[in-house]
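In the two assemblies presented below, subunit A is common to both, partnered first by subunit B and then by subunit C.
Moving on to the complex of A and B:
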């Protein structure tokens, strides 16, 4: 670790954040549903990116050798990729399940900007379907949310498949963990072991950060 | 009738290469819409028949009732198929914004309906305003970076451009070493290609 301790504290403090961003990104990529937006983490990552860019400009002006510069640049590019990919992965989920998200508690997991995006997207989506399909259907069958007027619930809205299988790695020893409500399936979660389980059953552990998706 | 045309419409999607758009099937689409109206007419006439016989529409379970149920279910099935067809196309259309950019080439435009073209435009606008609020371009950096610089060959005369490093003149067939994020938009527009070897 001595390498990082030699660096100035600003650079050293980026290490855990990049790791955290990587974790958030991996979880987001692997999970069928959307997670809480990591507002502070994203904010900090962006500040650090900005700082790094400034540093590189200064070093360029000072005539630092190209190899060192390109290493810094590479580090910066990787962080930027993580950041962009994290935001993009969220957008893809948002696009896919926008109606479901906007009428459930998932709405609160979005950032303010993402909420604005959902609103605009949904408008475009509804306008298009209204105009091309729904307005041509008979009365009683024109809802975008329900199959027909006699449906009691919204049964036309695509939802994420929560019982999809995901790969996950336990961060600590959790012990015997109940996978279903009846208690018939129990798995012993050991530290640093890899499992393939239904997302639904370990959802709570992911949200509290006890287990990571990979 | 009874969902047959709607099934055909979806089979077309299922058989096409994933991620590729087929031309909008107007003829079949309109047939399914007609089927829907036809089912609705039959449904109503059966309901009327039950009422005309002086029976309670909620509790009657005769052949007319079950006939009506079949029409209702067929209608719902058609609706689901139509929406699935549209939704599947929209997913591809949205992915084009990431792959191709804001302007769709003519051959793709032709495969879309007017309403889909409008949707693409509106959806792009939503995405652009999100990115400008965030002040971060998200359509670059689509693959994890290996090296900050890549070698590219220019395929069309682009002229003088201001890239993040400096002002550069991009002439056809010239080879440059550019920042990946600078080159990506040109590559996706087909103006450059990655120069390997």
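Moving on to the complex of A and C:
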């Protein structure tokens, strides 16, 4: 959970959870790879949704006017949309990169439920490929991970493209920032300015919350 | 689900961008009484007749639709301010004027739902459209400068909807240039090849907005 740890705890605690969720959702949608699952945040958002649903039921029983009720309902629906879309965006990525995720440290970024999903999904996917294609292929070409037996690496596993370009906005002035290892590509990151950069080079800044993807 | 986008390009649909814009705060003048709303997205109100209060745009529009308030025009949306912005946009062919990040969506929502709260609505609408056109033209001209040497593009003051429109093109174009320019893609390091490689690596950063 490294998202907000760089921030002043006093300031951080005043950021409403909906804002945090919105940010997690945006970043998740815009980044090529999967981020750490925001377990505590999702838990809190779920509790708030539950609480608000209960409140609405109570208000209905008390005969609160329709207008007020409908406004509360809208607020609830908006939060639910964010929450669902966040989880769904993750599932899309998980489905796409399930084998890669289960082989790398990305595995630890998933929630328990998501890990269960990867296992079931991978099994189903392997069974399906096995039955429909792989079992009909000649010996040496039957691996789900490799093109042929002569491949040294698993070259049939889709991986997220970390050098994809992303749109991002710096939250504070970071100053001269090195984009590559050699130090020849330097960009001056100024607060609130928009940039299109390779995801790989700013990955660390996104993870510490210094830069937002848009 | 409606409103979900093609995750491969990681674009936000216009509905999703509008969703984000609806969280922007506006001022309303209610014409009814209503107690404070304690919502997940924050506390709003109490609402008293003729007393200005701040709410997110979605809440303002919901109240407006039911005839419960008037929405105050944001300052940047007055004819005077927009005229200045348009002039400045036309005068500086490479720079974008500062406008709210969600100016397209906010103005659109207000045109659709709060027509009677906007003085000189036709002028305001025309001005916003002209500004959009001028800015978009600049974006298009700027895109022509993208080349193999582009490893970073700076887009100062570009708005959310404008980003959303150019995103697929810019992402693919940069990606393609990057891919074909990377040293591994240049097979034999003969004299010409290594020269090209050098150019690729040492090229200056190209901004959409040259400094």
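One rule holds in what follows: the second predicted complex is superposed on the first by the 199 of 214 C-alpha atoms of A that agree within 3 Å, B and C clash if a C-alpha of one lies under 4 Å from a C-alpha of the other, contacts with A are read in each partner's own complex, and residues count from 1 in each chain.
Basically, contacts are C-beta pairs under 8 Å (C-beta built on N, C-alpha and C of every residue); 3 or more make two chains touch, one makes a residue touch a chain.
Model, not experiment: these values are computed from the prediction.
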| item | value |
| --- | --- |
| Subunit B versus subunit C as contact partner of A:88, first or second or both or neither | both |
| Contacts of A:103 with subunit B and subunit C, given as first, second, both or neither | neither |
| Partner chain(s) touched by A:114 [first = subunit B, second = subunit C, both, neither] | first |
| Contacts of A:78 with subunit B and subunit C, given as first, second, both or neither | both |
| Which superposed partner A:197 touches (first subunit B, second subunit C, both, neither) | second |
| Contacts of A:68 with subunit B and subunit C, given as first, second, both or neither | second |
| Contacts of A:147 with subunit B and subunit C, given as first, second, both or neither | first |
| Which superposed partner A:129 touches (first subunit B, second subunit C, both, neither) | first |
| Contacts of A:31 with subunit B and subunit C, given as first, second, both or neither | second |
| Residues on subunit A lying within both footprints (that of subunit B and that of subunit C) | 70, 74, 78, 81, 84-85, 88, 96 |
| Residues on subunit B engaged by subunit A in the complex (per definition of touch) | 33, 36-37, 39-40, 72, 75-76, 79-80, 82-83, 86-87, 90-91, 94, 98, 113, 115-116, 118-119, 122-123, 125-127, 129-130, 133-134, 136, 138, 140-141, 144-145, 147-149, 180-181 |
| Contacting residues of subunit A [partner subunit C, same complex] | 16-18, 22, 26, 29-32, 48-49, 52, 67-68, 70-72, 74-76, 78-79, 81, 84-85, 88-89, 92-93, 96, 163-167, 179-180, 182, 184-187, 193-198, 214 |
| In the complex, subunit C residues that touch subunit A | 1, 3-5, 7, 10, 12, 16, 19-20, 23, 34-35, 37, 39-42, 58-59, 62-63, 66, 68, 151-158, 160, 163, 167, 170-171, 174-175, 178, 201-202, 205 |
| Partner subunit B, residues of subunit A touching it in the complex | 46, 70, 73-74, 77-78, 80-81, 83-85, 87-88, 91, 95-96, 113-114, 116-117, 120-121, 123-125, 127-129, 131-133, 136-139, 141, 147-148, 156, 158 |
